[in-house]
Each structure stands twice: as C-alpha cells, then as structure tokens.
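Common to both upcoming complexes is chain A, partnered first by chain B, then by chain C.
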Partner chain A sequence: MTTKKKAAKSSKSTGKSKPGAMRSTRAAMSVATNAHGTVKERVAALAEVPLAVCESDKDLQAVLNVVRNKEEAVEVRLAAMDTLATAAFSVIAFESCRKDYIATLREVAVDPDPQIRESALGLLAGLKDGFAQKKLLDGLKNPDKALVPPEKALQLLSYDVHAESYAVARDIVSNPPSTDARREALRLLAADATSAPLFEKLLRDKDELREVRQISASALHALKPEKLQEHAREMLLDTSEYEDIQATSLTALTQFGDDEAVGKDKVLLNSVDRLSNKAKSARYKKSARQFVSKYAK
Partner chain B sequence: MLDLATTGAQSEEQFALLVDSLAADPRRREQLTELLREDHPLYDKRGTATISRMRGWVLLAFARTGLSNAALIFVLEELDTGTDAYLVAAAARALRSYRRPHAALAPFVMRALTQIRYREEPVSFENYGEYADSSADTSPVRELLLTLTWLGSYAREVLNELESLRVEREGLSNKLLIEVDRTVKSIRDAEHIEEIDSDDCCNLPTGLGNKISWAFGSRPGCEPIEQTVFEDHDGTSITFKEYFRGHPSIVVFFYTRCDNPLKCSLTITKLARIQQLLETQGLADQIHTAAISYDPAYDLPERIRGYGQNRGVRLDGRNRMLRAIDGIDSLRRHFKLGVNFIESLVNRHRLEVYILDSAGRIAASFERIHWDEQQVVDRAIEVLSEPPALAGGPDSIDTGYRRETNSGTNRNPAIANPAEAPRGNRRNAGPVFSTLASLGVAFFPKCPVCWAGYLSMLGSASLGQIPYSPWLLPVLVLAMLVNLASVWVRGRVTGRMGPFFLVSAGALAILLARQGPAFEKVAVWGVGLTFAGSMWSALSARNRRGLFSETLGKIWQKRFS
Partner chain C sequence: MKVELQINNSSNASARFVSWAPSPCRVRVIDPTGATSPATKIEITGKSTATGGVVVFRKSDTGAFSKSLSTAVPINGTSVPFFVAGRFGRPSLSNGDVTIEARNAATNVLVGAVRVMVRIRKNANSLTPGERDRFVSAFAQLNNQGAGRFADFRNMHTDVSSPQAHGAPGFLPWHRAYLLDLERELQAIDPSVALPYWRFDEAAPNLFTLDFFGVSNAGTVQFSNTNPLQFWTTDGVQGIIRGPRNNWNPATQPGPTVITEAQTLALGTQYPAFRGMEGNPHGTAHTRWDGYIRQIGTAAKDPLFFLLHCNVDRLWAKWQRLNGRFDPAQAASYDSNPANPIGHNLVDTMWPWNGITGPPRPPTAPGGAMAPSTCVSAPGASPRVRSSLDYQGSIIATSRLGFDYDDVRFA
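Showing the complex of A and B:
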C-alpha cells in the first residue's frame, strides 16, 4: 500500500510513470498531450484518459490537437482517436464534445497518412456520417480519389444499409479489382434482397472460392431461407460436392430447416447417414451425426 | 421550364441548380414544395445521405425565400421526427422564414432540440453538399435555439423545458449554454403578446395538420388491390379483400431496417398502444389492426413477428403484421405512400397511419407528424359507427380523393362526415324521449276515472281529445326498458356504468311509485334520476364518438351484411 502511494505521488510530481503504475487523470492527460514525451508513454497515458477527456474544454482541445497535428507520431494520433472513440460511447457525457469530435474526424479523414484516414473514416462510417459515405463512394467510383483500399471502403459502407452502395458493389463483383474487394462486395450485398439470385448461383458454383460460397450460404439464409434449404438438400445429395460445403448445408438444415419435412425425407437421411461413414472431415462427421440423431428418430 | 416529374436522372449538382432557379422565380417557387414529397421521382434510387443533402437544400431555399403554408408541414415533420443533423438544422432555419411566429410551433422546436442534442455536429449551409469540418460552423442545436429566439414570447410554453437544459449542465457545451441563456433571456424579454387563446396555443395554423379525412362519396375503392396477397407474421397467406373487408381497420406502415427510432420503431410501439385502447373499450374484435412492411423482400415473417413482439404488439387473426408477397408497388400507388426506395430498400419515408372503412376504403389518414393513439382510435370508432349503407359496399362509386385536412393537434377535429350532424341531433333527442317514457309510466292513470281527471285538468290544452288507451302503459314501459338497455350498452362500451345505475334507480323508483298512493311522490325522483342518467350516458357516448350508435351499426351489419 505504501509503495503504491509513493508511486502515485511520484508520478503526480514528475508527470512520468512506469507502465502499470497508478497516476491521477490530470497527470495522465499531461503526459498524453506532452509533445516531448515518448510515444510509448503517451500511448499508455492516452489509454487512461477516455473518461476525463470530455470533462474540460481545454483537455478536449488538447487531445483533438494531437489527432490533427501531422507532426505527431502516427501511433500517438491513433491512440488519441481511440481515446475519443471510447469516450464517445458514453453518449450523454460526450454530448458537449461531439461537435468538435466530428469536425476533427472529417478534417483528418483526408489526412496524408493512410492509417489516420482509415481510422477516421471508420469512426465516421460507424456514425453513418454522410461525409464519410460520400468520400468512400467517390473513391470506389473513381479509384484515383480513393482514400482507402476498395475492400475497406466496402466494409465501412456496409455499416449503413441505406448508403448508396449496392450498385457499386455489384459492379465490383462483376469486375473486381482484387479478391478481397469482391469478397467484401458480396458481404455488403448480403443485405440486398434483390441479390438473392446472385447468391444462389455462387452457392452452386463449385469453381467458386469456398469463402465466397460460405458467404453466399449465409446471405441466402438471411434473404431467402427457403431457397437455402432447397439448395442445401441438393448439395447434400450431390456426391461430388465438397465436404465442408456439405457440412455447412447440414448445419443450415439442422438449425433452420423445416423439422417435419426434413424428418420425412428418407432419401436425404439415408444419404447423410451413408456419406457420414465415408467422410474424411471430422467436422462433417460431427455435423452428420447431429443431423442423423435429430431426424432419425 | 423544367418538368419536375421527368427530371429523375439529374445529378445532385443539377438538382441544386433546379432548386436555386425555382427559388429565384416567384412564379415557380411553389414548385419547391413538390420537391419535399418523398415519392418524388427525383429521389428514386438515391441513398439516404444523398436525399438528406437534396432535401436540406430545398429547406434552405425556403429559408431564403420564405416558408409557405404548404411547406410548413414538411418542416414540422423534420423537427418532429428527424434525426439527421443537417436536415433538422435546415428545418429550424427554414421555420424562421415563416410569415409570423406562432405558439403552436414552439413544442416542435423544443422536441427537436431534445432529440437532436445527442447527435450534434457541425453543419454548413454555404454550398450544396458541403460538409462542415470546423467547430466554428453552425449546428442543429444552435439553429434550434435561434428559432426559439425568433419565436420570442410565443415560446413561453416551452421556457421551463428550455431552462431545464441549463440546470442539467452535464450535457451541453459551455458555448451552447451561453446561447441557451441568451435564448431564455430573449424569450423572457420579448414584448408581451396578447393572452394566447387556448385553442391558438395548441393548434397549428388553420388548414395545417396531420389528419386527413375522406368524405363518404369520395373514398377511393380498394378494387385495384383487393387481390393483393399478403403473408402475415406466421407465414399465412391472405388477400387484401379477405383481411380488410367487413370491418374497419387501422393500418400502419413500417420496415424493420428503419434506423430512425422516432419513426417505424415508435409507430409499431404505438400500434401496440392502440390495440390496448381497443381492448379496453371492448372493440378489439370489431376493429382490426395491421402493420404492413415497406420492405417486403427483406421483412420475412420471422422478422416482422419478432419486430412486433419486441414492441408489445398483439398478434392474432385480427391483428397482423403483413408483407405483400408480390412487392409494395400496388400498395404504394393505392395508398399514395410517402416513401421512396433505393432498389428494394427504403431511402426515406414519412409517418403514415390509415383508417379503412368496412369496405376496405381509406376513410382517414394521419401523416407526417406524430399521431395521438386515442385520436386514431376515436376516428376508427367513428368509421365503425357509420351506417352500413353509407359505409359503402362493393357497388359504391368512387370519384377520387377529396382530402379534407384539419389541425393535427386539435382533439375535436371537424370530420368530413355528412352523417355527423344528424347523428349528434339524434343523440340529443334520445334522453329526452326516454325521460318522457318514464314520465308517462310514472303518471299513467290507473283507471278511466283517473284518466278523466287528468283530461279535465289538461282540457284547456285540448289534450282532452286523447282517448283512454290502456295499451299505452306497456308501450311506455317497453320504451323505458329500451332506454335502460341502451344506457347499459353505452356503459359497457364506454366503460362508465354510472348512468346505468342512475337510470336503474329511476326505473325502480317509478315502479315503486305505481305500488300505491303512499309512494306516488317517489315518481318525481324516478323521473329525475332517469333523466339525469340518460343525459349523462348520452354525453359520455358523445365523448366516445357515438359508441351506442356504432354498436347498433355493428348489430345491423351482422344481421344484414
């Protein structure tokens, strides 16, 4: 106890501390915003101040200045953004700081540093901010203006189903700049009811990437569950289908299928029972056992 | 001249130019209001953020040129239900260009302030589509405070609420607190206006409101959509005709992916409240409710069921959540829904609740600004009480909409209902007739000699011409019992049995009075109690929109439809 008190007293007087040592919020804020401190110390100090950052206008402006200052180390700027994002979770306490926070994020969303841009756009996209959505869409339509890679832009746009992103995502699926971008475009389209036929096609395409087929199964479950049931049955009866895809199909039928219809489907039950004995994959065997034990009765 | 209906392919920049040109031309300025309709083709296939920029620019055009009466409802809608900082700020600024402050506007501004304060952000009005990135820019809270300052003494009703923002302290920034203080002071110091009339304080300016009624002869038929197939929350299929004909219905629209808590989520929560009110008044089996999804492709039965149950909605054969299997288009045309889409997803919609009559036709609607559950139930009860012949059957001829708008906050709206006045007269005549029957029973002569005595007394009024009619007594007794029964029915429907007990006591007193001369004086009390009970019952029923007559209407419908 005495040691802890001494450590706290010491840090208060010097403004410096060893990692893990206790110090006052005021001391932590002082370290966090001190441009002469080390990166490590400042990042650690910023992690301690989210609850205090909005208590005084002076502290808020000091942390916002860290975020805006291009001369600061990127790690410190990112830590300052994290601190503000954490503080913003407390909506009521953060009310008086929100306006300055949003203004700062918009300012640094076009920062020269890609990490800062991505972080700022991510935070704004989470708030369904129109400015961020416009920048992200502009970047997808015109890659020269892109502030973040296309897969990241699609991921951030998917935070808001009301963003104008489905048409762009479809274009990317047809003409993908990268595999990652195509995958994220499909994830985004998983909320678009009119894309169900696309997902049916991808699900049954054995030449497609497994991940894409998994995404398609998940999307169909959300958009047209009855179609997923139909395809799942057909894929289970298809002896040339991959085991992991069959395992996914089994899970879909076990968890979400029409119990009565599946229970009466002797062809399906026999097929699963037969295939489970031959299966190489432990996952498939496990899924098959669960399926048979549920419906064989 | 640009044709507004065929400009759907315009870019945002072209749209901004169009708005600016309309605002600059006094002869075409009214067309700006058209651009605030959600279903305008210009908003097809746009994202919500884009629509926010576009509508915001229209509101700012009004702020420059003056807000018309026709556009006022759109501004109030934004203040009432808006959660987008830019739109709320633009609406607040536009309101300040209205021709004069009005006390009824203050609650809208205060409500917006309460709702938007946790979504505060900088906004810029300088150029189209510009997003502010400086804390020096204005904000929705600031614009709303300025609007309260503009309202001046007309905002006195919300002064306490405004001052409570100052007391709470932990929320608003110091800069805004200074502005709150300034606003409070300006409201206090504003020149004292004439004592606000009690109606004036609560009602919107004449001709504005969220309630629209269709007169009997002008209701559009439901033939175009009666074969529309819905799937309900349990996956059961049912057509419009099967579900909506044969009884009035209250219909709301919603979608589960709506991210505005003041719209769909609140609408469904209020629907649950409506169901409770109907249940309390014993009308749950006579008035159906339905919540129809704007987003039927995504809102599968399981989703809408969960959405309803989580908000306390009762779900059964008379209360359903529905999705149109073949899409929303036919319903959109029929109801003229205030909604638009980006592909299959809603990009913007208004609040809308409809009351359908027993022929499935639209009898009334409440649009844009928040509706009062009791007011909706009251209107549905009026529709329930419409005589079957007037309520319109399959052969009714409809000549298109004739909308009649009234003030949204008025609790006694003028209803476009031709049967309203005569029904009121009938209701006034009821207690008088029933009291006359009781009077007759109480003082009916017991024998021909007494009859002669009565006649000699009334001879001067020429009543001596009435012959002695022993059959008149049972007729009067029957009339008294009919009155008793009607008061009982009213009591059951309105939940007020006091009148029934009074009339019962009166009837017993009259019966007692007929047992012998010793009790004759009791008859006066009997007649008095009957009269008081009948009047009380009639007034209660009037407050509940004629439940007595609607119950009779229901019996009539059951028998003959």
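Showing the complex of A and C:
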C-alpha cells in the first residue's frame, strides 16, 4: 500500500483505538505493526509499546522495520521513531537495543522524506553522533547536500558545539540564506568567546532586527555579563531607543545587575522612572515601576 | 505578656512555610509581664485574606484539625507543642499571606503573631501573574549565564548518569529527590517559590506564553522582553530548542497519545505495575517535542523538563495517596527486586548526593549534598531511595520532605 493510500485510509479512521487505551501490550504491538491497520490506530498503538521493545528483540526489530520501511505512512514511521525515543528513557533495558536503534536512525537520516530525516537527525544530534554532525556540517557548506534547512542544521549542531561549527556559523551571519538561519547561527555563536564584539555591535544597532538584538543581549550576558550591564544602562538612558529593547535592558539589570551600584545610580533611576510613566506598553510600564520600587528604596 | 510562636519548631523566619502535612510548632511565653497564674490560656488562630492561604491546627500529631486551638502555656517559658497545616484547597498566593495569631483567651489581647505561607506546588497553568513572575525570576537567576547553580542540575541528568535515575524502580524516587534539591535552591533565591507542574494530559494556554515558558518558533523558544528566561543559557549555548511535533499545539491540546491522569492511576495498585508510567505518560510526554526535552542527555537543558517531572512526581504522589503506598516496609510501595541495580534499592544512597564516583556510579558527582531546608530535616544530605517514599511524613513524621501538591491531600 502506498503512503498516499494509507493517508487516505487514515482520514476515514473510525478511531476505535483511543490514545492510551489500556489493552495488553501484545494486542497493542499487533495493531502497531499491522501494515493493514489505519494510521490513527497504529499511531495510538505505538504509543503503548515503548517498554515492550526493551523486553523483546522481536518487537524491537518490528518497530525498527516500521521506521525503515519507506512504504509505510510517514505518520506511522514518525510514531515508531517516537516509540523508540520513549523506550530509550528506560536506559538500562534499552542498552541492548541501542546499537540497532542508532544504526536505524543513521539509515533514515538520509531518507527521501524530509520529516523522517529531520526527526532522525534530531535524535542523533542529541546523542552527539559524529555521523549526524558531519552530515549537518556538509549540508551547511554545500547546500546541495543539505538534509535539513540551514536553521535546523545549526540548531542541531548547537547540541555539541565544535570550532568547525563556529566558522560555518560566522559565514552564515555574514551571508545568511534566511533570517531564521542567521538567528540560529547567532545562537550558536553565543558559545564562542571571540564573538562578544559581534554581539556588542548587533545589540547597539538600531537598524538590526529586534529579535537579533534580544539574542545579542542574551549572548553577551553569557560571554561578557559586565558589558551587557554597561550597554543595558546606556540603552535605558537613550531616549531614542526602542521600548522593547529597553525592556530587555531593564530585565538584565533587575535580574542580574549589581543591586548596590544600580541603587546608587540616580541618573538611571530617573530615566527608568520616566519610562514607567511614558512607556506605550503597559507591560513595560509595570516592569519599570517594579524596577523603581526595588531600587529607589 | 508576649509569646513566641515557632513554626516548624524554629524561631527562624525562614522556617515559616507550611503545607498540607502538619508542621510541628511550639508556643512559649517570652515575657510574662501581667500574667497572674502559672499558666495562661492562649487561643491560636489563623488570619487569612479572602483568597490567600488558610491554616488549621491540632494539638498532637494525630486527630482532627480545627480552625483554632486553645492551650495553656506555662509562664516559666516552657514550650507547648502544637501542629499547623494548610487547609486543603487554600494554598497561599504570596509569602506571609496568612498570620497565625496568639491571643490571651481571657482578654482577647494579641500576645504574639507570625506571618506564614502555605507553600504548595501548583498547576503551572493556574499560577497568578505574581506567582509566575517570581518563579521565572528565581529560575533565571539559578541559571545565571548558564554558569549558576543550575549547571549542576543540568550535569546531574545526562546520558552518562542516566542509569542512576532511569529504567529501574528508582526512577520515581531519584527524580523526587532531584526536584526537591532544585526547589530548595530556587527557594534560597525566593522562599515564596514552589515548583509548579505541567499537566501534559491537558492544554496549558497560560504556560506556553511569551511571559512564561515561551512560544516555539521554528524550533527555538521565544520570550517576551520582560521575561528573564530570554537570558537562558546551557552548555554555553543561548536559548532553548523546543518545538511541538506533528502540528501539536500544547497551549490548546493535551499531549497526543499521552495517557490521562486517570489511566496512569489505573496502571496498577502495586508499584512494579505503576512504574510502567516511565514509558507512557512520562517518556511519551518527553517525545511529543523536538529539541532538548526529547532525550535524556539534553532534557535538563530545558526548564520545562522540571515542570514535566513535577507532574510525573505528582502522579506518583496521587497514586500513593489513592493506594496508601507511603511505607517503604510495605511490599506494594516499591519494587524490591533482588536484581535491581545499585541506586535502585530502598537502602541504597542516591547519586550524586552521596558523592560516590567510579563504577558502577558515574565518574563525577556534580552539585554536592542535597540542599538543606529550614522547615524540615529530611531527607538529609545524602538521601536513600527509601527517603523519597514517605514524603508527607504519613508513616514517620520526621520523614516529611516539606512539599505538597495542590490536589493531593494529606490523609
């Protein structure tokens, strides 16, 4: 049966099997691996069998086969992958399954279906799998080889950041294929100490996307917190600064600032007091009022 | 005359937190001026706001609770014990929103008072904005730059350490201790904070917002500019990777294929059957997402992980209450299989709090001893598996761990 035919059958499902319905594991496994069952029934059944795959090699192989089988509906293959990911939480019992599990994930990481690829690469990246990391990096360097969109590849590489990833991320920041990819490249570079000047520049650039400025503030907080505190103060004193960026500055000072220094800074307190009256957003007004009440004592 | 009210048998203001399980307290005369007899009758009551916490009292560690308590207190300074508990269904909204008053029963003159909090773990979706903001602030500060105390908690829950905490009977006790340790560290930052839970079998429109645990956008989580979680960092990387799988919207839908609370509680009345919940709903709730929370090694990088596990723990607590499974000596309360690996037997100490490293334990033990509490003495610096079971002190009062859930009664 083709994927399309199975999807059509899914839409006509009677829904007899309620998600999580209590039936025997045997019965659930039988439905889960029955190629003639509806997608809905099989997805529900697969959610019931994660412990079974740890206890029976036959059941493990049956679920792995569902993941690998390109003739199966994508929804069922994804659900089978979820079953294995859930089973992996039972780490002791799953240990004997791990080798086959990872081999299967690597096999389907290059599957024709993009959802299958992304799901498998997501699991492998979380395991810091070298095969997946190489595939992701290759795809970023050569988009013709990309298995997932660049923003997803950068997200997955950030699970285990290496120097080679920084170089690729810097290239993407300079020449981004999309705003999402640039954002993810910046998130990854937040782990790179040499990128602090870049984040200072982006944070203070009023022409920059606000989301990028917010990420830059967070990155700077991790890399050079004292620099963020300096910039946050200056941005709060800058009457031409955007309110949302001032709110981020205020949050940085309130949560992570030097309470004694902030409390003595009358210029800053007066500026925030003005913000508490003039801010257009009620949320920012409230935030400014809380700041003033905390430090004006 | 003046009396001192000691909550949790302590004069320390930081001990003035109670839950549904009764807290041992004392009252003693500290200034007998005006007293005319060897003992003075005192009336102890709780004064609450319309929506805040409410407390109840009893004289001994058994018996019914009441709104007030009369007791004779010697004027020579000898302490008189009593017990106070939060009234089920009326947790506090803020620190000190309940006042315990002591009045001279004969004159109705106020002779002593302390402000307390009925500090209870609540559904994250039901927190007030104030409760939400305090919790988020404390969590962000614990994480500070990814280098704060939170880094220990992130490093406790990894692929290397996972056999200590997963796939065997100690799964539930270990995570109970883990959450307690984290909660106590949060309370060291803001004592009014209790860890909330995410009910993964229900929609959570108030949790998955920009002001709380964020909204997923193309796989990463966005926060509002006033939310301190915008500064979240783990392992040097900024932000949180988390996105619902398969078009699921956690704000409007329960976790797909996650079994319900009723189904979880019906898994069985014996612990070996109930602990099957490690698969579904626990594991299934993890794998409804893409991102950090989907796997053991990275799950603790996402603060949502702790709310997910708080719900797992609440389900265990509810199951324990439903079936009376608090006593480690009762076979049905645990799975004491002789084949259990180390760290999963009732008498075993738990890593990393025991500080033991090297096979079969992990190579390092991040975080040191269990954080202490000013309210309770249990579970001690190096808890054992058995320490997690009697969390309300139902079997032995001193086993009380100092937390309770909004929908799980004491007795």
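One rule holds for everything that comes next: the second predicted complex is superposed on the first by the 274 of 297 C-alpha atoms of A that agree within 3 Å, B and C clash if a C-alpha of one lies under 4 Å from a C-alpha of the other, contacts with A are read in each partner's own complex, and residues count from 1 in each chain.
Simple rule for what comes next: a contact is a pair of C-beta atoms (placed from the backbone, for glycine too) under 8 Å apart; a residue touches a chain by one contact, two chains touch by 3 or more.
Being a predicted model, the structure only gives us computed values, none of them experimental.
Colleague: Between chain B and chain C, whom does A:I102 touch in the aligned arrangement: first, second, both, or neither?
Modeller: first
Colleague: Between chain B and chain C, whom does A:A93 touch in the aligned arrangement: first, second, both, or neither?
Modeller: Touch partners of A:A93: chain B and chain C.
Colleague: Looking only at contacts as defined up top, I'd like to know whether chain B or chain C touches more of chain A.
Modeller: C
Colleague: With the two complexes superposed on chain A, say which partner A:T33 touches: chain B (first), chain C (second), both, or neither.
Modeller: In the superposition, A:T33 contacts neither chain B nor chain C.
Colleague: Scan A:S271 for contacts with chain B and chain C and give back first, second, both or neither.
Modeller: In the superposition, A:S271 contacts neither chain B nor chain C.
Colleague: Who does A:P225 touch here: chain B (first), chain C (second), both, or neither?
Modeller: Both chain B and chain C are touched by A:P225.
Colleague: Touching A:A85 in the superposition: chain B (first), chain C (second), both, neither?
Modeller: The answer is second: A:A85 touches chain C but not chain B.
Colleague: Which partner chains sit in contact with A:Y166 here, chain B, chain C, both or neither? Use first/second/both/neither.
Modeller: Touch status of A:Y166: first partner only.
Colleague: Would you please give the residues of chain A that touch chain B in one complex and also touch chain C in the other complex?
Modeller: In chain A, residues 91-93, 128, 161, 191, 225 are touched by chain B and also by chain C.
Colleague: What residues of chain B sit close enough to touch chain A in their complex?
Modeller: It comes out as residues 46-50, 52-53, 86, 117-122, 129, 131-135, 137, 139, 170-174, 176, 257, 259, 295, 297-298, 300, 342-347.
Colleague: Per the contact definition, I'd like the list of chain A residues that touch chain C in the complex.
Modeller: Touch residues, chain A against chain C: 19-22, 43-44, 46-48, 50-51, 54, 75, 78-79, 82, 85-94, 118-119, 122-123, 126-128, 151-152, 155, 158-159, 161, 180, 183-184, 186-188, 190-191, 211, 214-215, 217-219, 221-222, 225, 244-245, 247-248, 250-252, 254-256, 283-284, 286-287.
Colleague: Once bound in the complex, which stretches of chain A touch chain B?
Modeller: Going by the criterion above, the answer is residues 57, 91-93, 95-100, 102-104, 106-107, 128, 130-131, 133-134, 137, 160-167, 191-194, 223, 225.
Colleague: Quick check on the complex: what are the chain C residues that touch chain A?
Modeller: Listed in rising order, the residues are 137, 140-141, 144-147, 159, 162-163, 166-168, 211, 218-220, 222, 224-228, 230-233, 235-239, 241, 245-246, 256-260, 263, 266, 276, 278-284, 286-288, 290-292, 294-298, 341.
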